[in-house]
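For reference, the structures are reproduced in the following blocks.
You will see chain A twice below: alongside chain B first, and alongside chain C after that.
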Partner chain A sequence: MAHMTTPDPALTTDKFGTLDDESRPEHTGFLAGALRRFRRNTLAMVGLLLVILLIGTAIFAPMLTTHDPNAIAIADRLTGPSATYWFGTDNLGRDIFSRVIVSARVTVTVGFGMVTLAMVVGLPLGAVAGLYGGSWIDEVIMRSCDVFIAFPTVILAIAIMGAVGTQPIDIGPFTIGNVAKVIVVGGIVLAPRFARVVRSSVLKERPMDYVEAARSVGASDKFVLVHEILPNSIVPIVIQASYYFATAVLTEAALSFLGIGVQPPQPSWGQMLSQSQAYIFGGDWWFSVFPGLAIFFAMVGFNLLGDGLRDALDPRGAR
Partner chain B sequence: MQISALGRYIIKRLLLLIPVLLGVSLLSFSLIKLAPGSAVTYMLGDQASEAMVRALERQLNLDQPFFTQYFSWLANALQGEFGMSFVTQIPITELIAQRLAVTLELSVIAIVITLLIAIPLGVAAATKQNRLPDHTVRFIAVAGVSIPDFWSGIILIFLLGVQFQWVAPGGYTPISEGLLPHLRSVILPACILAFINLALITRMLRASMLDVLSQNFIQAGRSFGIAERELVWRDALKNAFIPTLTVIGLTIGIMLSGAVMLETVFSLPGLGKLLVDAVFQRDIPVLQAVLTLIGCFYVLVNLFIDVGYSMLDPRIRF
Partner chain C sequence: MTVAPLTPPQPLLEVSNLCVDFPSEGHTVFAVDDVSFTLAQGEITGLVGESGSGKSVTSMAILRLIQPPGKIRSGKLRFEGQDLLTLDDDAMRRVRGGGIAMISQNPANSLNPVMTVGDQLTRVIRLHLGLSRQEAYEEALRGLRQVEIHSPERRMVQYPHELSGGMCQRVMIAMAMAPKPRLIIADEPTTALDVTVQKQIIHLLDQLRQRHGVGVIFVSHDIAVVSQIADKVLVLYAGRAMEQGLVNQVLTAPRHPYTRALLASMPYLGASKLRQRVPVIPGHVPNPTAAIKGCIFAPRCAHRIDACTAERPVMVPVGNQGAVACLRAEELAEAPSRLTGVRI
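Then we have the complex of A and B:
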């Protein structure tokens, strides 16, 4: 994508006048500079705020609810937003505000679980593939990843969840519950994508002088990878992790919307949306609006955070 | 020399395609192994009689070892034969053929709308930096990837379908019942798909327009006195479109996932709805077939894009 043009001073003199402080040599360290750039970026700060808000809501959910999220009050069913029911009530008279709040917890749990699992599986795979880039090990790992990447995330997750079913599975003494199942499926779907990012990041660092230096004093492959290459290739990995949080939130919401994700009695945003769908025709808009807004703000938060991290940590790559 | 290098690149990519396509089919096929307990009892439920279980097992070759099952399934699949839907007993190939048209139509309308808006918007954003078109592109870029399509679907059905009654509030009207009713049933989901695509394409187009506009040949054109409008719309746009091609692979992914969710929300009988219905009806043979097709299609599209890209821009080698 990068066009190899050598700037011709005669034609691009105006460029030298527009140097902003991003391109001036920095006297502070890399992290301090990145932090400064991040703090100055309003959208990035908005993203960070939304993410903190989401995680805070998840942690303190039981203290923030105004009603029992599962308490049924048929007499109050489908009432609009009011002083008692801030976001209105659903078809069973349950308080939508409390249900939205409680669902933040399952969203954060599933998102965190999916991204962690994707990292735990994807990082070593990608790192090894990158370290032995071009060899048969690389080919085997990356072609296997290609198979998973051949499907859009949501579609692969739907198909696997569809085949596995929503019933809890007993493996010996352990029961794999529904939420755990969604996490495992999402993690498996995301891991190969993560591996690809890690691999390309490692490949970029491998020919660097400092790696050569470590090798020349007899460092092992493992040492070079863990102590030299990975710390230096962490930036794209961190950026990608933020975007994958957004993907994880969307995947969970989509699965729950289709009824193959988080199961009742545990409420979730996607599940509430699917319950609300039939009531839109009667004009009960609040039932659909608020759970959807919650998904939207969570997604905006992680996407803006990702953009902000990219701009702050990788100023040359940002556009 | 150049041609042979390109030829070698294409051959290498085609050879590498074989293991990936095999993997895609193997992954799709193994869905049947993921079903808890036996796939047959999962599909039929607990009430099924012994005879029904045996019959379905025989139909699906489940009495054979796994790889025997896979290879006989693959051999049939290569001839376009995916077996019967276990629920409707209609050949799956026939089912897919019926459903494909709706998804294709949605995608084509969405792409047309996307391009009609993306090109002027992307160009305007690049030439009028930090003004309204530029801010619009930035807003769409975040909103497009953050608004879940199934949510905007429900809200827009409420606003445009129920309140204003401009479009159909879901449901599919075939074109044989009139063009206008037909369009009213598909235009809204197509617009939602287009909006998500816009997020990707305008951002990419803006970035590569900015890149091209700063290059020497544009500066040279300017100094020769070529009209700015001509430089932007003819010379720069042509060059800026090549990098934009690479995101088309992502666009296809969006179309497919969007089709699954939106066809469900709008009850349109497309390929995505077929997949979701198969999930609900535990129709694993249909699930396997649709997943295989989606995967193979996606892989092939990406191959075409990479090859096309390296043909258009000889500096690129992967």
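Then we have the complex of A and C:
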């Protein structure tokens, strides 16, 4: 499509007023259009900002802390927010601000780990199931996934974690630490859900003309899947990954809250909430509110980002 | 150009008694029922029929790309003397694209939307010819020049949605021709295009045929288009062959009542508004199932006799290279037809 040097008046206005950008013929390319839609979406930008803030905090955590997150100062126990202790102190006199900051790192690590693992396992499973949709291969894969999907994520994670325990496991020269264990458990829980999303988007692309055209020039199943279908079904997969990030954060928080997630001395938001339980009604509100807010903003951030990506990448979707 | 010694005794493609079934609730649809035809090198055969006549199913069957639960029940497919139905999957994949290429109905949707034209072309070339990236690029560019696309270098870096329908079809043809196939199946290649572009595409196919000696199966519901390009024509109705022969013969002196009715129901430009309406064939195309005993066209045929519904007519040779499946073909040929042939 030729670029117009002067704007066509018929394109910018019509008798109903100014035409929206979206209705203009697409000559900027898909990604440019998606980027434009994303940037005009305030909520999406808020989500992105929160996510960047979270990841930034995780990366620069050691520089942002004001105290040693594990330093106990019994004399200063349960003091409210002040110039010294911005978010107050906990029942052992540890600085809550520093602990919240340091916990961001474990949250991001666990979130990334869970989603990556879920993708690595779920994507090929779902893709193969979708490619052979309706056949016995599809049945075997998806019914196995259904077994996992039948349980709520957190319940399943608790059950698995409860079964394997929180102690690090030594396998030969490797030690699967506590955090790694949480990641593996979350990955197992999320992978089947991810597979289902991938399968449905592969199924949607499979009957398309270009897939048939590829087959008619001698493309194999693998080629069709990797080079034709997946590049076209990547959008819903990316969107889902963003939502699963939120689920992963929540799963980690829940496990840690119950004491079967990230273990002390490594602080985490869920763990802090758990420790603050006894003090919630004692007037020491800062103890529970700040880690709670951290979880809240992380969740909101990833969900808004997911919504924004969905609206930007799929302009036909319901708005 | 071609390597195989394709002297008359061995046709390029030989389809004999092809039957394709689609099982559906309670009964089986015979989408293609006992269809036979041959195609010589450099020849264009038109496959003509209404929607659901089995044209596309026939062409997909030749590539063995019938979607399950549909399947090829019986028949033989010989391509360059090789039995396609006994080939293993790998060998069949090499035939697809390499020996037999397909140009489909919907050029705009047949290109992968997230990949540039150049990437798609070079991929196919590398898949079949095993060239290096650079060589494949050159080859792709050459292919685009051959289909006379405007500024081919620019097209290479463009995405399908940036091209017009006609350009997409040219790209599809370039892609089909790239691995140097000996047979092209063109399934309604011009249906989605406007008339001027249609003409150009037909001209292009004709040129490719002359230059490279490829055989072409040209599937179309548009008799006028087929008459412009094809040497021979096969008329299908509800999965069965009605009539076949040289295009001039079939279209100017149709033997089968169905062919006649089909030709008569073609509207044409210049018909006076005062003239009668375009004639239609009464009734509708039946679902071809086992229940139909005699001639499948009999229920709608103006020349039906009792024998027509009792016994299935076989293809009887008529004239020069023609054949017709009608009990009364000979008898009706004598009678003056009130139907005129196609106005080309």
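The working rule: the second predicted complex is superposed on the first by the 293 of 319 C-alpha atoms of A that agree within 3 Å, B and C clash if a C-alpha of one lies under 4 Å from a C-alpha of the other, contacts with A are read in each partner's own complex, and residues count from 1 in each chain.
Note that contacts are C-beta pairs under 8 Å (C-beta built on N, C-alpha and C of every residue); 3 or more make two chains touch, one makes a residue touch a chain.
Source: prediction; values computed, not measured.
The superposed arrangement places chain B and chain C next to each other on chain A without a clash. By the document's definition of touching, of the two partners only chain B reaches A:151; chain C does not. Of the two partner chains placed by the overlay, only chain C lies in contact with A:228; chain B stays clear of it.
In the superposition on chain A, A:90 makes contact with neither chain B nor chain C. When the shared chain is aligned, no partner comes close enough to touch A:311: not chain B, not chain C. After superposition on the shared chain, chain A has more residues touched by B, the comparison being chain B against chain C. Contact with chain B, but none with chain C, is seen for A:273 once the two complexes are overlaid on the shared chain.
By the touch criterion stated above, A:219 is placed in contact with chain C alone, chain B being left untouched. Measuring only between alpha carbons, the smallest separation of chain B from chain C in this overlay is 10 Å. Note: residues 1 of chain A belong to the chain B contact set and to the chain C contact set alike, using the contact criterion stated above. Contact residues on chain B toward chain A in their complex (touch as defined above): 16, 19-20, 23-24, 26-28, 31-32, 34-36, 42, 142-143, 145-148, 150-152, 154-155, 157-158, 162-163, 169, 207-208, 210-212, 214-216, 219-220, 223, 243, 246, 253-254, 256-257, 260-261, 264-265, 275-276, 278-280, 282, 284, 287, 290-291, 294-296, 298-299, 315. Residues of chain A touching chain B in their complex: 1, 3-5, 8, 11-12, 15, 43, 143-144, 146-148, 150-156, 158-165, 167, 169, 246, 250, 253-254, 257-260, 273, 276-277, 280-281, 283, 285, 288-289, 292, 295-296, 299-300, 303-304, 307, 319.
Across the complex, chain A is touched by residues 63, 65, 93-98, 101-102, 104-106, 109-115, 123-124, 127-128, 159, 161-162, 172, 175-176, 179 of chain C.
Across the complex, chain A meets chain C through its residues 1, 26-27, 29-30, 208-210, 212-220, 223, 227-228, 231-232.
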